[in-house]
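Same chain, two partners: chain A is paired with chain B first, then with chain C.
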Partner chain A sequence: MLEQLLISASFYIPELLSILLMCFLLMAEASHSMENEHGSRDKIYGLGIIGLLVILGACIFNFTKAPTAVFYNAVIIDPFSTLVKIIMVLGTLGSVYLSRSSKDIYTNLKSEFMIMSVGVLIGGMLLASANNMLTLYLGIETLSILSYVMTSLKRDDATSAEAGIKYALYGGLTAGVMLFGMSHIYGQLGTIQFAEMVTKLSALEGQSFVVLMISFLMFFTGIGYKISCFPFHMWSPDVYQGAPIPVTSFFSIVPKMAGIAVLIRVSMIFFGTGSAIAVTWIGLLHVIAAMTMTVGNVTAIGQSSVKRLLAFSSIGHVGVMMLGVVVLNEVGVQAILFYGIVYMFMTLAAFYITSHLSDMYGTDTQDVFKGLIYKHPLMAIVMVGVLFSLAGVPPFSGFVAKFNIFSVIIEKKYYGLAIIAALNSVISLYYYMRLAKTIIFGEADSEEKVPGFTGLNQTIIFVMFVPVLVLGVFWESIMNISGYAKIFIR
Partner chain B sequence: MITLTSYLFISLVLFLVGVMVMLARKNIVAILLGIELILNAAALNFVAYSRFVTNNLDGHIFALFIILVAAAEAAVGLAIVIRFFQIKETIHIDEATQLRN
Partner chain C sequence: MNGLLNWILWLPIIGMVGVLLTPKAKENAARYVTLATTFITFVLTLILWCKFDNTATTMQFAVKFPWIESFNINYSIGVDGLTLPMTILNGLLFFLCTLSSWTVEKSVKSYFALILMLQASVFGVFFSLDFFLFYVFWEVMLIPMFFLIGIWGGENREYAAIKFFLYTFFGSIFMLVGIIALYYATGKGVDSFNILAHQGGKFVAEQVVIFGHSFSFEHLFFWFMFLGFAIKVPIFPFHTWLPHAHVQAPTAVSVILAGVLLKMGTYGFLRILYPIFPQAANDYSTIVAVLGLISVIYGAFCAMAQDDVKKLVAYSSVSHMGFVMLGIASMSTQGMTGAVLQMFNHGTSTAMMFLLIGILYERSHHRWIVRPDGSKGFGGLSTQLPKYTTVFIIGMFASMGLPGLSGFISEALIFLGMYNRFTTITVIAVVGLLIGAAYLLWMFKRMFFGEVNPDCKEYEDMNAREVFYMVPLCIIVIVFGIFPSPLLNMMKVSVGQLVDLLAKFA
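Let's turn to the complex of A and B:
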């Protein structure tokens, strides 16, 4: 038994390293000195960033390993989950570095953001490789409970505390509903292992079938809440607005990718076959994906705060990613993973620039972007490029990502969905282009340059912009990598 | 004779009461109590199914984990409520309306 645990642990190195890193960070925090605040913060950041890089290395090392189910089939390590983990670690790294410079958080805090974000990362990793309902539940709760704390990190800010309360209450309700659904699924199918559940699922009929249908709806509530799809998106604008900017950028990458990953895995495992429940689930996903895109994009039009605009547009992007889930095949998964990688770089770059401007001018309305091209050309060019890419305009990588998703749904002959998605692209083009217009043609209040954007920060946004640009032309290698990341069902 | 149906009925009642509490009460601490009721309804279901239907330990383990997570969630929830109380000097949910567009 011990031997088996050790073998399992050898596949579980990224997660174990994350847990160790979290412990080390907590200990390092204890040695924080108030006199030399900058020095000790730099130390903790160095430790954290090195740790995250090591975790990234461990994930990349795991990527080529053959898929295995470890810990008595509770956890599955396959290239799919490993690639999602890589995306999440990169997202965490970006947000952590952003939090270092953001004034939104670090006026009166030490390194809470780092510790919490590594914790959320652990939850996301659990979720991405969950192979039974218990792991899934623990993953979702690890992710959520730490997210509540992260939301209310701005200590003396009423909106931040309010956002935290709303998040915690909605989150508790949806987790409870999901759990109630899970308990009935367990009762009807007699096991919590996904693979065993599938074999029992096909033998069911009659009364228990109806119970299962309702239970699966309840089960979806929990996942849908995490990826903030329609109709569970109500919390996300409030939370995104109340939370500090680094937290917002973190939330729009890590929990979303984890939620999408678990949605793909559950859909692929349970509903890959054409049973009656599968038809219902796919129909539900159709409607939800269409509504999520529409609600996200239509509401984003009227937003004056760029943070809120990015938050709503991330709801729209989740809708697009859900289109790839609807087709339920490997090509769809490949398209989603590519979309996820590209989306991560775009979001991080956009939030970096928004965060810096909001620190400088004390607000994040579209007005601060007026005439940015004269104030800071590099920043403006990167931002406009990212906006074009988010809207899905050709040479940029956002176009390739969107094109892949569209081609898989058209291949499956879901023309209605494709038309809705195309209309949504037009809507999103409108509000992204309006912001781009403000940046290029808007009249700046003053001629003075944007201060304080150091060479390191410039390098970082440039480095993030390179994939956004390059993947739009040379997308094959990343496509191959995400095509390699297949889901292993056992 | 206590059968599976009785347990399921009780847990359904608990669940509904929990949802009602969450919707009707205005005190944030009471709403957190509502969440606990919902979680316990699910835990009761798991244990009952485990005893009467499936005859394996999965349900028991699940119930234990639910208790653990519920404790963590309550701790974090209360901490945020305390922060809110220190800023606003109230724990009435209707006061939490600053974030509305």
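Let's turn to the complex of A and C:
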């Protein structure tokens, strides 16, 4: 038994490191003297970033290992989950670094963000590797509970508090519905292990189908809420707007990637084999993907707050990523992972710039972007490049990501879906271009440069922008890495 | 030797980097770097012409190496008789546009850098033999255009820039769906992104199912791709972005837009749409011809109604590109030859018109033939600006299609080619020529004759720089009006192949 646990733990190093890191940071924060607050924060952030880098290294080390189910099949470590973890760790690193220069978080708070983001990361990792219903639920809850707190980090801000409550209420409800659905699935199939469920599923027929369909629908509610797809997306704009910007950037990467990962895993395991119930699930995903894209993009048009615009656009992007799930095959997963990697870089860069501007000018409406090209050319060029990339214009990597998604759905001959996705691309281009227009064509109120954007910050956004550009032209290696990250069922 | 095409394609990008590296204080440095780059590029295109073998039936100067191997995407470029006229035109117009942009004062470095980027992407579209590469260039072209219209344009430039971008993107995203569908229809093989390998009606028997309805692959994706190219041409009813983009764009950008960018659309018809979907092309030729006819007549009437001279020329572009579409729809040797020739000739004559309007605008700062309050914007220019008037007459008559000037030959060939297939449409289309003559002459009368407008007395005639960049165009429209055979020989083989291919599916 002990031996088994130790072997399992050897595969579980990234997660264990994260847990250690979180505990360590918590103790470091608690044990530090009340005076000299600023110094302690710097240290904790420094340690946190180093810790995350170590975790990243551990993940990369795990990537090439053969897929293994550990902890008595509760958790599966395969290249797929490891790649998702790598994306999440990178996203956390980016957001943490972003929070260092954010007024809301770094100046007004202690190191809560640093600590809690590691906690959410643990939840996300658990979710990405979940191999049974219980681990899945555990992951979702770990992820969610800390997310609620993170949303309300701006303590004396009413919208932030409102967002936190909204998130918690919505989350509690969907988690309940999900658990209800899970219990029915368990009642029907008699097991919580994914692999055993699949075999039981194919043996079922007749009446149990109706119950199962409804229970799977309820099960989907929990996942759908986490990735904020239609019709469970209502919380996301308010939460995104209420939360401090680093939190928003964090939310649009880590919980989302974890949710997408679990959606892929569940869809592939249960419905990838072409069981009779799969038709319902695929139909459901069809409609939901199409609606998610459309609702996200159409609603984004009317937004004046850039944060909110990015929130709605991220709903649109989730819809596009879901298209890769609809096809239920390995190339679909490959396309989603590529999309996830690219999306992470684009989101980080976009939020980085938005955060800085909104800190400087106290608001995040599109007006603060007016004439940015005169105030800070580098920032403006990066932002416009990222917007082009988000819209899917070559030669930026967003185009390649979109191309791959289009490619997999057309391979499956889902032309209707492809047309909807194409129309959505045009809609999204419209609001991205409007922001780009404000940045480039708008007349600046004053000629003065954007203050406080130091050389280091410039280097960081540049580093984030390089992959956005380079992956648009030389994308084969990353594509191969995504292709290597196949899902293993055990 | 094979590197020649690569040089033509990438030299502008090298020039762009050069422009960006010039010191900010010395604006002239950026101008001279651009001038040198575009001039060398133009000379290279002429060298390309000299080395071009008019009798070869395959792609010449082809370069091919793998780009994304797992998707069979190649960096594959080459030229044939359809591409070469456009290549030369592109080289020439950018060189002249650099000269005409000498007076641009706003962010000079960025302006010329974007111009060079635009040139490279246009070359890329014409050279690409790989669908993915083609699409990338096709879309990359939008980025410099967006900024060039949006930053250096007229009063309503932001609207025009966004409309242009969105409209084209709308068309091309459907084209992308078509490209990917072709990729899978050919089984993801080595040639799945190879434009030439798709040609020859390989998809006639394929079927697709959308929302439970069955469609013919060929006929469905014909329209997907059609949308992308038709918006670019633009054919009625997709032309509404064009007048805005033209009116708001700075002179050089208008010239490039009308001169080469619109040709990318018709080039798409000739290189991609018709050879890949020959059956659908035959089946729908009447629809294409009717749309072309509407463009001719409607564009001409719209032009007649304009009070803004630049808008007038913009609508005349719609009308003239309609002739190209008619020629393409005819699918006969004369018609197709006429269409390709018209692409070249319209490129030169419209470029002249836009350059001339730009020259006038620099003096008058308005373009009203009749101002909104009803008074005349210009008048009696012929007595004030004799050199300008002379050049304007050549440009105008070339645009009108007067015998002896280049426009006549191509239009005559188009009518000859289409008469057998679309007799009624030909007869109506000839009326378009008449209306064309009417609006141009009427415009000329109102601007150049009559009482001299007091404002016009202060205008200076064309200076040496302006004369220098107008003269080559004058020579071209006259020489190719009398002696078009160099151009005709160039395209003969390629057009012949295309016509033969289409005839098999008639």
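We take it that the second predicted complex is superposed on the first by the 484 of 490 C-alpha atoms of A that agree within 3 Å, B and C clash if a C-alpha of one lies under 4 Å from a C-alpha of the other, contacts with A are read in each partner's own complex, and residues count from 1 in each chain.
Keep in mind that, in the parts below, a contact is a pair of C-beta atoms (placed from the backbone, for glycine too) under 8 Å apart; a residue touches a chain by one contact, two chains touch by 3 or more.
Keep in mind that this is a model prediction, so the values were computed, not measured.
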Which of chain B and chain C A:Asp238 touches, first, second, both or neither: first
First, second, both or neither for A:Val149, with chain B first and chain C second: first
First, second, both or neither for A:Met182, with chain B first and chain C second: first
Touched partner set for A:Gly172, first chain B, second chain C, both or neither: first
Chain B versus chain C as contact partner of A:Ala158, first or second or both or neither: first
Touching partner for A:Ile192 - first (chain B), second (chain C), both, neither: first
Touching partner for A:Tyr137 - first (chain B), second (chain C), both, neither: first
Partner chain in contact with A:Phe251 - chain B first, chain C second, else both or neither: neither
When both partners are placed on the shared chain, which of chain B and chain C touches more of chain A: B
Touching partner for A:Lys437 - first (chain B), second (chain C), both, neither: second
Partner chain C, residues of chain A touching it in the complex: 388, 393-395, 399, 403, 406-407, 410-411, 413, 415-416, 418-419, 422, 425-426, 429-430, 433-434, 436-437, 440-441, 475-476, 479-480, 483
Chain C residues within the chain A interface of the complex: 68-70, 135-136, 139-140, 142-143, 146-147, 150-151, 157-158, 161-162, 165-166, 169-170, 173-174, 176-177, 180-181, 183-184, 208-211
Interface residues, chain A side, partner chain B - complex: 133-134, 137-138, 141, 145, 148-149, 152, 155-159, 161-166, 168-169, 172-173, 175-177, 179-180, 182-184, 186-187, 190-192, 237-238, 241-242, 308
Complex contacts: residues of chain B adjacent to chain A: 11, 15, 18-19, 22, 28, 31-32, 35, 38-39, 41-43, 45-46, 48-49, 53-54, 56, 58-59, 61-62, 65-66, 69, 72-73, 76-77, 79-81, 83-84, 87-88, 93, 96, 98-101
